[in-house]
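Each remark here refers to the structure printed beneath this line.
Chain lettering (A, B, C and D) follows the sequence in which the chains are written, and residue indices restart at 1 in each chain.
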Amino acid sequence: MESPEALRDRLLARFPGASLELVANGSPSGQVSFRIDPAFLREVARFLRDDPELALDQCSNVTGLDSPDREVVETVKESQPGAPGGPPVVTERKQTRIAPGHLEVIYHLYSVARRHGPVILRARTGNRTDAVSLPSLTPVWRSCEFQEREVFDLYGVVFEGHPDLRRILMWDAFTGHPMRKDYVEPDDYEWEPTPHGDVLAKARRHYPSAAAPGAAQPSP
Amino acid sequence: MTLLLAVLALVCLVPAVAAVLVRNLIHSALLFVLAWLGLAVFYLAVGAEFIAFAHALVYVGGVSMVVLFAVLLTRPGRVDPLPPPSTQRAIGGVAAVALVASMLGSSIFWTRLPSMEPIPMVSLRRLGELLAGPYLVALLLVGLILTVALIGGLLLAAPRRPSEGGDA
Amino acid sequence: MILAAAPASPADAWLERAPVLLRDALTGWLPDALRPWVAALLSIATILGVFGLLFAYMTLAERKILGRIQNRPGPNRTGPFGLLQPFADAIKALTKEDIVPRAADQVLHFLAPVVLVALSLIGLAVIPFGRNLVAVEMEASVLYFFAAGAATELAIFMAGWASRNKYSLLAAMRALAQLISYEVPLLLSVVPVIVVAGSLSTTDIVAAQGGWAAGLWPHWHALTPWGFSAFAVFMVAALAESNRSPFDLPEAESELIAGHLTEYSGFKYALFFMAEYLGMAALSAMAVTLFLGGWQAPLAVLEFIPSYAWFGVKLLLLLLGFIWIRATFPRLRIDQLTRLSWKFLVPLALVNLINGGVWAATADWTGAAAVVRWFISALGVVVPFIFLARSLSAGYGPRTYRYASP
Amino acid sequence: MMLPDPASTGLARVRKIEGSALGLRTPAFAPEEGAGDLLEVSLGPHHPSTHGVFRMDVVLDGERIVRLKPVFGYLHRNHEKLGEGTSYLGSMPYTDRLDYLNSMTNNWAYAIAVEKLAGIAVTERAEYIRVILAELSRLLNHTCLAGFLMQDCGCSGTPLMYAFREREKILDLFESLSGSRMMCNFQRFGGCRVDPSAEWLAATRKLVDGYGAFLDEFEALLSGNEIVMARTQGVGRLPAALAVNAGVTGPMLRASGVGHDLRKVDGYGVYPRFNFRVPIGREGDVYDRYMVRMLEMRESISILDQALRGLPGGPILDPKSKQRGLRPKAGEAYGRIEGPKGEIGFFLVSDGTGNPTRYRVRAPSFVNLTILEDLCLGHSVADAVIILGSIDIVLGEVDR
């Protein structure tokens, strides 16, 4: 198989305008990956599958990855004109900034026909709240069907064009996405809070709206 | 004997009437089975052993299954949202009763029974010889007609699935 | 027993007449008008007692034998060698809570096991268990037996439908399909026996199988080519009729949980269990009567053993066959089940009908002609069998496998 | 009978794969056209043949399946989230609980992923021990599967009991080596936990020598059985192209005629040193899936024989390798091996701390289930049960 750099160049030539980035890997495994503009993801995937030299006919693994918003502390240097003639006075100021998080989906592609791989594709959502859509690759590889459902279930990435996007591991009425880093697990796993001392207190904390006596069903 | 016949008549008629009246189709099919069984016991009571067992075998064992199958496999039709008005039901009931009564009455009053002599007992062997001898053609014809009817029924009832078939 | 001292006719032997003597001793002091009624009650009680015990120990034997076939000991905790296990099971079944689903059709749900057990039992009335041991003598007893047995699947249907459970409903449908398919070969396989014996009465049929050719070869129907074929068809159909593996589709455990039994518990469940074994025993008893010479001894020198013992031995052997088959075979699919019946058993039984007719028409052939008669009959079994079996197993067979090139 | 509303149950949805003729013939569903009454049945989660807590939402036309949706997650404990909160070594015993029949191969797959992530070399002797244990595990899994499959076909337990007799022997070996029958927790990064004794090796040798005879007996009873062939041949056909596209791996893929075995393709461990073949099927039906596994067991016996003979001496664990407090450099690695059920892979992302930021299990049972509906459509309930059995799933791995 050609080197990742060569593949990147070939992809860029084939899809001008696509933002395609080779992501280095710090570990000894040396498995580098391609971060692809979601708008081009499905086209690139189909190309990788159908290209006779690559023939990546099997999408082995689909993974979600959550990068939460984080605080970035930056040191900002400001230079002010100092005393006339003298050097400018440089003051350093610490400034915290919220780097927006994102969800990422990673596809591990292998070729059964040509026995090579992996070629790793990554695509990022805009953020973690409202722009969480990515194109589904299920039309390209059937193996993505359940795995994308799992990513949807556990991370909340919405796959456009998925034929049957439902929760797969959690139950349908569940809210939230447990694999996200900021997911807080419930205090009480009882679906219906038991009216006994501590458990009730816990349940009150957890389901404030349903804690009122007579509430039929807690709606978390 | 008369008492036995009266009881048997009840055993036959009550389930038969109930079968017509109950709404549940499975129940009415099973009630029919009961009526048929009563009929078989009736045959047994008048000494027609062979007919009794053949009747039980064919009706209880065979026909009832087919009826149940038919009930289970047919798509329930659209149920009328409202039952028909009571006047209509009354007229229908009266008409049905009149029809049945006239048929029964005509058969009872106008049928000339040839004689009131006791019917000779026919042994099972004799019955078999009669069926396989003088009445063989008639028996075969009945069989043929029933077979044709069965095949015709199958052809009529077979669902048409033009695009189906193959390796299903 | 000393052979020389044996009476001239085996029918006079003391042991042979023991049941009759016992009955006479018990009813002898009664007024004449009451005697037949009490005798009938005694017959009923005997059949219930003997077959009830047979049922109890059949369950134990089945579990023991299945266990041995599967490298495990089977029940061995209750009593010596687990001999009290059936009674422990009975107590458990009696004391268990009887759960009826709320949505079930209460009446039919209750009636189904009762009807099933009753129907499985009444067939036993016409089986001649010994030389003088038949509860009811009648002219059309074979017909009576099958008329009684025909309704058993109706009870299974009632159970399946009344449970209001989807698995049970599927089981009910399967039971119906199975009954319609297998009633036909079952009856067809019996017809040649009736033709050859010239009677519909079980006692006459057993009597027709008495005697030995050359003093060694019993005149049992199963030991003639047409009779063997009919016997085989009858036993396969009997397996299906009694819902035993490999035809246990109505209660297919791996597909339908327990089929029509899914919503039954406690004593009602035990009744179903009982009906299965009683039905199996009844059909086996019929097979013994029709094909295996009934209570006739296999050899003239063995006639000193009472006839009912011979009947019991034959019955137990057939029941053992049922258990063995259960331990060995996977289950058929419903379409294969009906195909086996309509495309294999029914044609085979039909051909065999002619075969039996020819046999009956050539009853007076002797000497070399008898060999020809046997040959014709054997041909009439083997040829259709090969032809039909070929067409039945078309499309599958052992395969050879390749290995990937490295 | 219950009539599901086609709109609400999504019956009309026709699935198709773009670009090629990969899609199985999905019967276009038309409820108004003489299809008879439909019955919606929930097979599971408490059902004797779903191999755990698994549910199939089935719509039947008579006994023919017109829709089947697998529903699972009843055993979900968010294994992957647990992995994120645990050290690298701490996750090792958790992997036992994935495919609880094959903890040895689960361990190995995880160890390979960590070794790739942290760049750890494995000692020679450990590689051989890993091969021995993995092949024993394969024997164990395939034997059990054959027994379960026959049970699904309606055998009254006899083949299953025969299979379990052999399984017990292998479990005894695992127990005497690792201390646990099923949850072995045996592999370590760069090697394994316990050095097998000479007695253990002799016992293993005895088992391996006798296993062929067991397989002969088992196959003589089952492989040529008329009813088994009638039930399994032509049932649940999986075309090779769809199998590859749907990510199906392991014996199931090979039964469809694709000679893809990671032991050959990746050549991980010391597998390239052994001489073995990869059996492949032609039809891709249940019978092929069963037979491919039976033939694979014969190859496993051969591998075991070679590995036991060529087992070198030396340490079982690189003394320089670090187990506790392992902090790999930031980066990621995907490691996979050929498990008995198919490709089992672990994807690990490290941020330089002691716990992985992402711990992902690529479970073969889970991915192989994707095409369950395609295989079952048009078949009967009885077929669905054996098709599911032939896929070989373990819910511990599907639900994670």
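Just so we're on the same page, a contact is a pair of C-beta atoms (placed from the backbone, for glycine too) under 8 Å apart; a residue touches a chain by one contact, two chains touch by 3 or more.
Not measured: the values here are computed from a predicted model.
Pairs B-C and C-D differ in how many C-beta pairs touch across them, and the larger number is found at C-D.
Taking the mean of each chain's C-alpha atoms, the chain whose centre lies closest to the overall C-alpha mean is D. The distance from the centre of chain A to the centre of chain B, each centre being the mean of the chain's C-alpha atoms, comes to 71 Å.
For this pair, chain A with chain C, the centres built from the Cα atoms lie 67 Å apart. Inter-chain spacing, taken between the CA centroids of chain B and chain C, is 30 Å.
Taking the mean of the C-alpha atoms as each chain's centre, chain C and chain D sit 44 Å apart. Counting partner chains per residue, chain C has residues 173 touching two or more of them. Touching two or more other chains at once are residues 72 of chain B. Chain contact summary for the complex, chain B toward chain C: residues 26-27, 30, 33, 40, 49-50, 53-54, 56-57, 60-62, 64-66, 68-69, 72, 123-125. Taken in their complex, chain A has these residues touching chain D: 25-29, 31, 46, 49-50, 57-61, 63, 65, 106, 108, 112-113, 115, 118, 120, 139-147, 150, 154, 163-164, 167-171, 178-179, 183. Looking at the complex, you find that chain C touches chain B at residues 108, 138-140, 143-144, 146-148, 150-151, 153-154, 157-158, 161, 172-173, 176-177, 179-180, 183, 187, 198, 200. Contact residues of chain C toward chain D in the complex are 66, 69-72, 166-167, 169-170, 173, 245-246, 248, 252-257, 326-336, 393, 395-399, 401-406. Every residue of chain D that touches chain C in the complex is listed here, in rising order: 1-2, 39-41, 47-49, 60, 62-63, 150-158, 161-162, 165, 223-231, 233-234, 254, 259-261, 264, 277-283, 287-288, 291-292, 295, 380-383, 385.
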